[in-house]
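Think of it as A, B and C in the order they're written, each chain with its own count starting at 1.
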Amino acid sequence: MMTDLTELTIAEASAGLKKKEFTAVELTEAYIANMDKHRNLNAYVCETPDKAIAQAKISQEKINSGQGGDLEGIPLGIKDLFCTKGIATTACSNILKGFVPPYESTVTANLLQAGANFLGKLNLDEFAMGGSNETSAFGPVINPWSKDVPLVPGGSSGGSAAAVAANMCAAATGTDTGGSIRQPAAFCGVTGIKPTYGRCSRYGIIAFASSLDQAGPIAKDVTDCAIMLKAMAGFDNKDSTSSQQPVPDFCKVLGADIKGMRIGIPKEYRVDGLNSEIASYWDKAAAMLKDKGAEIVEISLPHTKYALAVYYIIAPAEASSNLARYDGLRYGNRVDGEHLDDMYTNSRTAGFGKEVKRRIMIGTYVLSAGYYDAYYLKAQKVRRLIRDDFIKAFEKCDVILTPTAPSAAFAIGDESMQKDPITMWLNDIFTVSVSLAGLPAMSLPIGLNHDGLPLGMQIIGKSFDEENVFKAGYCLEQQAGFKRK
Amino acid sequence: MSIDANTVKKIAFLSHLKIEDDKVAATQEEFNKILQWVDQLKEVDTDNVEPLVSVNNEHLRLRQDEVTEGNQAEAVLANAPVKEYGYFVVPKVVE
Amino acid sequence: MSGMIIQGKTGDWEVICGLEIHCQILSKSKIFSGASTHYGSEVNENVSFIDAGMPGMLPTLNEECVSQAVKTGLGLNAKINNYSAFARKNYFYADLPQGYQITQFQYPIVGEGFVKIELENGETKDIGIERLHIEQDAGKSIHDISPTKSFIDLNRAGVGLMEIVTKPDFRSPEEAGAFLRKLRSIVRYLGTCDGNMDEGSMRCDVNVSVRKVGEDGFRTRNEMKNVNSVKFVMQAIEFEARRHVEVYESGGQIEQETRQFNPTTCTTKAMRKKEYAHDYRYFPEPDLPPLVLSDEYINNIKNDMVELPDAKKERFVKELGLTPYDASVICENKEVAEFFEKAASGHDAKKVANWLMGDFFAMLNEKKITLAESPISAENLGALVELVSKNVINGKTAKDVFAIMAATGEAPEKIVEEKGLKQVTDVGAIEKVVDEILANNQANVEAYKAGKTNLIGWFVGQVMKASQGKANPEVVNKLLKQKLG
């Protein structure tokens, strides 16, 4: 008899289910028990245990009759940015309090189709705007690795990363606009991948910055990420930016020889004052891959330093427009006013949190008459240069290896982060340029720092070449031997 | 570039967000700091660089002209804070 | 020179006017969703979650709206752009669910073109087309149900629109009126818009300014939104131009503003000014990649085009001998032109045109029926003309036959046969009647011979009366003149 079913990866649990070692209902109940146990982490904002059990029962019947999808009977957590039919979806914003979508996002529909059941909706930074989960209207998530002081789980998919780390779900969905899957995965010692822009349909995912948003999984290891991504991804005619590229079976490349694979190390990422522990893990990771036959090449991404500024123009600009629909008219929270305009302003002022308002206003400003060329257009031009840097770099290498974040998880309410939004934004320094270029990138844990907190490495691939990312990621995972929480 | 108090108010107006008068100065200061920071982009030579609108390389796909949705007024209105006679209802619009 | 000159105290002023016309595209479903475009459905019945601006919903472009726009562009003799792109126009309004309108800004689907208009004095003029772009319509706000509330119906939200922008080429209300009628005719021929201004499927914004005759450049213009009939557009231009002249001549200045035309008073008044309200913050729509049309696609549409009013008119003038004016009146309406062509087939086209534009239209007006409901078929109208041409009946009898046709729908041959209306062309028979009339009216014969030659008409009348209208008037005339010397 297993001691704790929630310790199992998806691959292990699926095998156990097939061998009838336990049932899908038992597996789901084990996760539900863990959700109760770790409720203090505040990872879930809406729990749907009854639904999960009901789905698990259906899954068990399928398993019994030898049918079922790749995720049959697997209990997942869903970032509360994915619309789920009949289940409250809030983007962790007061403005969407009480909103129950009458439709299902394509990604969650794909997961249900593959046999998964949903334990509930996971906490995030309000509208995915933040890097610490502190902007959530439901309050911050506590990083399961916290010791004396409660630490942030990272963001925006903080609830997802924390829930996976604390075994409150087998895996979770995340979304990544500037690092929102990778950075929390790194902070919580779990694995996450943001696929190429266009891989996963954005239909039914509450939009933050449409040209950057991508869904991806956060899971216990590289293999589970491969299983999850295959189920989530795929062409969707409801999303005009969804790609028609066929989705390969990512599991097939896991464990493949990386001999001769060229690993790019961008010199510009060795920023001044880079945390020495992170720098040394970076070197170690490169050495591990080299040991397995990879070739390490230095590459240059000269416009890296401008990526954050570009990101903090483009993302807020798109957000200011995407969030215009939240006006208290057709759904969500309404604060009345004498006239329509008063109602709009009252509802939005009461409904949005500080960081969201800040980004709406910045976005509005950079698009407004007289400033568009200086900010928005300029940012789009530099965005092209950033993407071209990658295209050029990939002539010399197959994947790129960098740290995921410039630090380990920090304390909730950290003063320097609170005081200056830019300090908080700097957390995205290693992740945003990848988002701007639309490339796939994975974060996986590499080891612990002197405080015993996990650190992550990022592997970036060419457009639609997740396979090499998985290949290198799996190899590094094996070499690093990181022990999950 | 730096922005003045009036611009802050204009942006708040366009965003449909209320800024109390005593918060305008603080917002203005914060904005100026952010704008100063993004002004580093000015260093980049972008002459002859086409703006990158999307990383998507595929052209727009066209949908067949077929009626596939509708007859779901109830679902459309289900989340409405106020509805009457099948309409969404709002406070009077001032023209 | 068809321009309108306003004689002011300080000299002569000319009117400058440009139009922006919104045409609802004829298609089954909306431009970015699969909801029906049907007019007159139950409230909010034709609304998809996309049209309602629900969180996470994404637009997909309707092929029909693209081909309809291309067709219309070709009908406007305009350049079809292989590359066009969508943009967001950001503003808050109750019937704009997304908080932005998806439209085209920098890259419209159709570029410059022209439309030839015919004026009553026989002159023609080319009106320049600046562009045509496609976009989504807004919903409807209903303000008159309650004094404190507005009611929103989104059935119209998302219906495809073509916005056609002319160059400021109009110099009189008459020209603008002729253009609108011509444009309506073109879109109806093409079946791209039903052109009904009173139902709002064609709506017109009017831009007016004035300048001194001989002056270069343009002065400040005012825009009048949603003027909803050709007549009102003409009245609005006239009023607004005169107002401008008055303002300038009394030492004032015209401020750029949006005004509303009141059809009851035939005046315009400024709309409430909203500070900064017109900063629309256009930016490229990130949910829709650029629209790329191949030459082949455009050529296929071109090869499939119906004959347009101008070409039809030219053919009617050249091949059927119509006057340009008659031809343009007949060709304004596709159904009328088709009816005419059928009626004229094998008969004297000019005479058919006269009948059509005279008695036939009068009959429709009197009966308040449409062409499709006409009791007189095209074939029967042609047959009636033929009976006159072949001297079977004379013109006067033809009018009587026409009246019977209008009442009964019977064929003219049948009526003539049954009622014995064939005209008498037998000179001997007519001569007998003439002689009788002359003999019985000696006094008038004397008077005629003494120089009162206009009595000829009276004699003709008497002969016709005596022959019950069946005598051939030409023969009567000839015989009378012979006999009276």
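Here is the rule we go by: a contact is a pair of C-beta atoms (placed from the backbone, for glycine too) under 8 Å apart; a residue touches a chain by one contact, two chains touch by 3 or more.
Here the structure is a predicted model, which means the values were calculated and not measured.
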{"item": "Comparison of A-C and B-C by number of C-beta pairs in contact, larger one", "value": "B-C"}
{"item": "Most centrally placed chain, judged by C-alpha centres", "value": "B"}
{"item": "Chain whose Cα centroid lies at the greatest distance from that of chain B", "value": "C"}
{"item": "Centre-of-Cα separation between chain B and chain A, whole angstrom", "value": "23"}
{"item": "Separation of mean Cα positions, chain C and chain A [Å, integer]", "value": "58"}
{"item": "Chain B and chain C, separation of their C-alpha mean positions in angstrom", "value": "40"}
{"item": "Residues of chain C touching at least two other chains", "value": "49, 52, 60-61, 92, 94, 150, 152, 279, 281, 286, 288-289"}
{"item": "Of all residues in chain A, the ones touching two or more other chains", "value": "99, 102, 211, 237, 240-241, 320, 324, 327, 329-331, 340-341, 344, 364, 368"}
{"item": "Chain B, residues touching no fewer than two other chains", "value": "10, 14, 16, 53-54, 56, 58, 60-61, 63, 72, 75-76, 88, 90-94"}
{"item": "Chain A-facing residues of chain B, complex", "value": "1, 3, 7, 10-12, 14-18, 27, 30-31, 33-34, 37-38, 40-42, 44, 46, 49-56, 58, 60-61, 63, 72, 75-76, 78-82, 88, 90-94"}
{"item": "Touch list for chain A against partner chain C, complex", "value": "82-83, 89, 91, 96, 99, 101-103, 105, 202-207, 209-211, 237-241, 317-318, 320-321, 323-325, 327, 329-331, 340-341, 344, 364, 367-369, 372, 376"}
{"item": "Complex interface listing, chain C residues touching chain A", "value": "49, 52-61, 88, 90, 92, 94, 97-100, 150, 152, 279, 281-283, 286-289"}
{"item": "Of all residues in chain C, those that touch chain B in their complex", "value": "27-29, 33-36, 42-50, 52, 60-66, 85, 92, 94, 141-143, 146-154, 271-272, 275-276, 279, 281, 284, 286, 288-292"}
{"item": "Complex contacts: residues of chain B adjacent to chain C", "value": "10, 13-14, 16, 53-54, 56, 58-73, 75-77, 84-95"}
